[in-house]
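Take a look at the structures below.
One chain, chain A, appears in both complexes that follow, with chain B as partner in the first and chain C in the second.
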Partner chain A sequence: MNKKLRLIFLLCLLFLPTGCLHYVELGELEVVENISIDYQEDTFQIIATLIEKKEEDLTRKIIKGKGSSIEEAMEKIKTKENKKLYIAHLNLLILTPNAVEQQLESILYYFLENSESRNDFSVALAEDITMMENAENTIDLSKKIQIVEEDLGTSKTCYFEDLLKDLLEKKRSYLPFLTKQEEQITVEGIYLLEKEKLIEHLTGEDVILFNFLHNNIHTTSWKGNKVLSNTTTIRYQNQKIKIAIESILTEEKKNYADELKKAIEEMFSTYQAKNIDIFDFAHAIKIGDYAYFKDHQDTYLQEITLQIEINTAANNQGERGIDFHE
Partner chain B sequence: MNLVEQLQKDTNCASDIIIREITIGKHNITLVYNEVLTSGSNINDFILKNLAFLIDEKVDISSIYSFLYNSLPAHNIKEIKDYNDFLQKLFNGFVCLIYEEKAFCMELRASLDSGISNAENEIALRGPKDAFCETFNKNLGLIRRRIKSEKLWIKDMEIGTLSKTKVGILYMENIADQNLVRNVEKKLQNIDIDGILDSGYIKNLIEKNSKLFPTIMTTERPDLTAMALLEGKVVILVDTSPYALILPSFFLDFFHTPDDYYQKNFNISFIRIIRLLAFFVSIFLPAYYISITTYNHDSISLDLLLNFIGQRQDVAFPALVEALLMTISFEILRESDTRMASTVGSAVSILGGLILGDALVSAGIISPIMIIVVATSAISGFVFTSIEMSNAIRFYRIFLMILASILGIFGIYIGFLVLITHLASLDTCGFPYLSPLSPFLPKEQKDAILRIKTKKKKLRNPLLAKKNIVRGKES
Partner chain C sequence: MNRIKNYEISVLLFFLTQSQFFIYGLNSFTKESGRATIIAMILGSIIGFFLLKLTLSKKYFTLKKKSLFLLIPFLVLHLSYILNQTIHFITYNVVSTISYYLLAAAFLLLVVFCVKRGLKTITRSAFIYLITSIFLFCITFLLLFPKMDFSNVLPLMDSSTFEIGKSLFIYLLISISPYFYLSIFERKLDKEGEKRIVRGYILTHIFLIFNTLIIFSILGLELINLYPYPEISIFKKVSFLNVIDRMETIFSLTYFLALFLQFAIGFYTLHFLMRRILPIKKEEVSLLLLATILFFFSASFSLSRNIWLVTLGVHLLFYLFTSKSVIH
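Showing the complex of A and B:
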């Protein structure tokens, strides 16, 4: 056998064992849209929403699995046709508070280790994953979270990669919270996750204030005021946190500024008492006076005094003629 | 030397060889010609009528041989040196007159070619429509009509121990590299074969077998041939072949057509990008489809994936088998369509393309998406008029399909590397095949992939036109 033939033969031998291992025909796949994970009594319970297209319509079906580990639970999820669950196009991962508090590491590890997982899906929290058993409820859930974030400002999208990054950098993460109301899944507030522990649940109104202070507001409705957009600047000056808010409303109301100011102060004092820097003032203090922050890392939150300045403008005639009034 | 007796013996008294004895006074003249290669009416008009006049008038001529040699009206009269010369002239459409020990011949060829007609394979949208025919002189004439210069030099030779086919090397003496001309001439002289029936014989004999991609261009268009000559290339014309060979031919030459130079640059640049895209689509599309349906499902969007799953649900075969089935079916259809008479050809296309395709989908043998993939790939391959280029594309298409079925996208990547390595390792008459892309020639880029108009003097390819690089410069 000449050298060329030997080389070709060797290449073929190399290719065959390395490549064919991951060979899966399209017909053997079940595309997973959402995965919900609960952890109760040392057992993982998984509910997966599968999606398929029959003729012109998208149909969804629910399958469940249980196991002592997440791998075992996933393994036990078998369809009637014994197809392979395919999670590369996963849209949403829903976790229960129990699962987060007790098994977050193993859940993250499962998705990180899985070569199919693209890690670009959203992550949300839900008290009870049995609400996912109705396939109708699971339609476009990740899109619903985005819409609530953009149109109401009462939630915040969290992507798997961002969650990982926050955990690695030991930062706080914000997970949207799903609840069931009148047989429908709704998005209600966010959960704060810090050091792999859920520390607080913010209601819809709290999230609006939170989003005001983090410049996340697109449009929202707060205490009867329709807010079109909002810009907030937070600075640390003369041992005070100065918050300047400029809101564009559809209709100007005199008590808007006062109510907003009061609500921020109340929320801040509530969380100050719990020693949670809910608005992340540490960042502003670090920039304004790093020496002070360095010396008062544990006590700065209790020493903060707020100076809030709110300007509003009405824009009921489009983008033109916006005048700010204090 | 008795030429007639020897001829009768060697040809076993072939029926198409006419031997006619004519007596003029006391002189016996023998007329020998090949009935099929010569024109009967020309023999009547230019030889027999004149000889009849001599018989009727009973002209007394002391030296009949020199009288006939000087008085017979023929544009090409040559004396025959020996028996081999006699045979060569006889089988080249000459009429031989033998008197005693002497003989001469006159060219009175019959027109046996298909005539100058429109190009059939290399269609011109704009520009000259004429194409080469089977006659060497006519083909030469079509080139001479375009290049009226004494610098267009021709080197004639005969190749084929039995066919003795006339082969001509054409080049511009003031432009072409003499080493290239010598190289080509040497290659032709080294050919040892009994017969050359078409320029394709020569192409196969002088081109290395290992070269999958064509390094010699075959063309039926005289304008493209003239363009190549003006660029400093060498052209080989073969008698009995309506195709000229152009060498060297670079990879990008197969993406260019003569029409490119008759239209606006902007449009041509766009078309050339489309051709390059078609090249890659034709090679990579089926392989990519196989990889995304078997390994790399995550590389397409969810909507598209669900569509693909829906379409492949009823298909019984794996993606590779399905792709190979479809490709082979298409190749059979194409081959039968090419060989079939044109009246039946359209029926085959309809039966194969529409009825059979629809039935295959209904029977669950092939998915509709696979028909789209293979058809797109095949149509993209038709962008190239060169059969060799189409064959190379077909080879790589199947090679990549197999690699993709084993390794997915990674296999396509390996195939791409093999393709690039193969192209980069090729040479055409000693010049790098990927020129002017590799080695990168900056000045040549304005007529490589894009065609850019500049106010600067137009230059020839510096690799080829070593003597005279500036176009329009008097040499």
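Showing the complex of A and C:
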């Protein structure tokens, strides 16, 4: 009898504390792919892209909600569909300039405190979230940003945790910018964010230079030179920022290094005058000489000079390994 | 009492140290001493090593029964806090929808079952958990390696000497206080046993420092300070070919096992001391009575971490100033 009681008791233990009581069927979950948040006139407007499986295909569905807080707006979305919103598969969070400048902290904390959120999604900026109302346009947006970053170098993916880290450490970050062109959503450079204010929109070559100095170039094209890969190292020594760039090009051209060096120096000078550490040299200074950084946190940018060394190598085989010179 | 082997003691002490470090929280250290936490841990480990060598070689003497009574309230506070933190950990990371009372009751009954079987069961379980933990650690290390950025660890000396000293003291307290449980093992340690304890200590602290470096390299200081459980947050990044992912609950099992063992050995000790003082004949009655006391105490009173640190201090003082084999 004693053994039987123990067995029954252990079986009860197996089922009760493991969460089976509150199990939710897959069909009762609404899997959220993207969330777009705008903040206008003290109201949060949310557009969520939900993934639905119909027979063998995945389709997208758009749903909207409004509320005086994010929780209220998300709750209104839930009520409409009568299903539980599941944000563990969130790919992209899109914010408008108003949402970023007025409610960034509350938005970030919503996802931070939500135990279902895995915080592995990327974040982007869009002028207007109404472009997200067309479900077809929202397919694989985060991948689009990644492709532009890797193939062209004219954007940079910003992940939620990287955004948090940058804002906490440097009070400065960046967000890829989405815009609508001829009914299609395109990626147009990045926006710089400083102390929760959008300060500068970088496009084209400026973003490529930004990516060069953040060691984020995969492949790109710089002044007619096709760059296949690149490594940038930045070190600090005696108020000098030593930048070493090693690029592999399809064809070695003499003017590449000179033009790149000139462009980096010009861009640095422009933002040095605005007191914006565009290339994040603070990180190198912190690692190289923390004592100096601690004493010169507000003035280091005006005191440092650049020492740039660019080395190139040609890869005549091109991207696909075919030798065009045969 | 059951005889346990020397290596089983080392394994148990590994889990006790790991569990206490987890309960205190890496982010509690980093909020105090930033990246210099690693320096504090290294220095704390070295000082603890010499302290351990010194105390292991001291002479034996027997403590009077009456003084054991003093330990009981501290052990009750200590275990209540651990139970509270364990259930909070489970509700935060695993099952957020189950009530505290149900989880606490289930956990306590599991511990009672284990303790009733004896110290040998606890130590043998610890050895099996060690194999599981090593296996899970190896997988997570291999899969997290591409995500490590060791520049997140620098600059190392970003805090003042006072802040590093404070972290060092607390780390020392957390590292040496588990050795208080050496007092409950029946036989005296021979030279071989002492060597194994010291080796176990060294390996434990190499593991803890290495694990801390991994967490720093993946999350960085700011995210460690932000997340309530940074040790678990890194498991969310484990991903292999989109097949092995979303397994943080499984990987966090290592910490659950450590917490379980910490509570089980503390429960065993408290029960053993109580039976020496209170005349309860039936073991089941005393076990359930103790479980009930801890259940209500942990649920009714929100103990602060400082009180828990005081209980660790009492354990440490008891270990430093009494014999290694108190209870015969």
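As a working rule, the second predicted complex is superposed on the first by the 266 of 326 C-alpha atoms of A that agree within 3 Å, B and C clash if a C-alpha of one lies under 4 Å from a C-alpha of the other, contacts with A are read in each partner's own complex, and residues count from 1 in each chain.
Just so it is clear, contacts are C-beta pairs under 8 Å (C-beta built on N, C-alpha and C of every residue); 3 or more make two chains touch, one makes a residue touch a chain.
Computed from a prediction, not measured in an experiment: that's the story for all the values here.
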| item | value |
| --- | --- |
| Touching partner for A:Y86 - first (chain B), second (chain C), both, neither | first |
| First, second, both or neither for A:D295, with chain B first and chain C second | neither |
| Touched partner set for A:E105, first chain B, second chain C, both or neither | neither |
| First (chain B), second (chain C), both or neither touched by A:L26 | first |
| Partner chain(s) touched by A:E309 [first = chain B, second = chain C, both, neither] | neither |
| Chain B versus chain C as contact partner of A:D128, first or second or both or neither | neither |
| Contacts of A:R118 with chain B and chain C, given as first, second, both or neither | both |
| Which superposed partner A:I51 touches (first chain B, second chain C, both, neither) | first |
| Where chain A meets both chain C and chain B, residue numbers | 16, 18-19, 22, 88, 118 |
| Contact set on chain A toward chain C in their complex | 9, 13, 16-19, 21-22, 88, 112, 115, 118-120, 161, 164-165, 168-169, 283, 286-287, 290 |
| Of all residues in chain B, those that touch chain A in their complex | 293-295, 297-298, 302, 305-310, 312-313, 315, 318-319, 403, 406-408, 410-411 |
| Residues of chain A defined as touching chain B within the complex | 15-16, 18-20, 22-27, 29, 31, 51-55, 58, 86, 88-89, 116, 118 |
| Residues of chain C defined as touching chain A within the complex | 92, 94-98, 102-103, 106, 109-110, 151, 154-155, 157-158, 219-223, 225-226, 236-237, 246 |
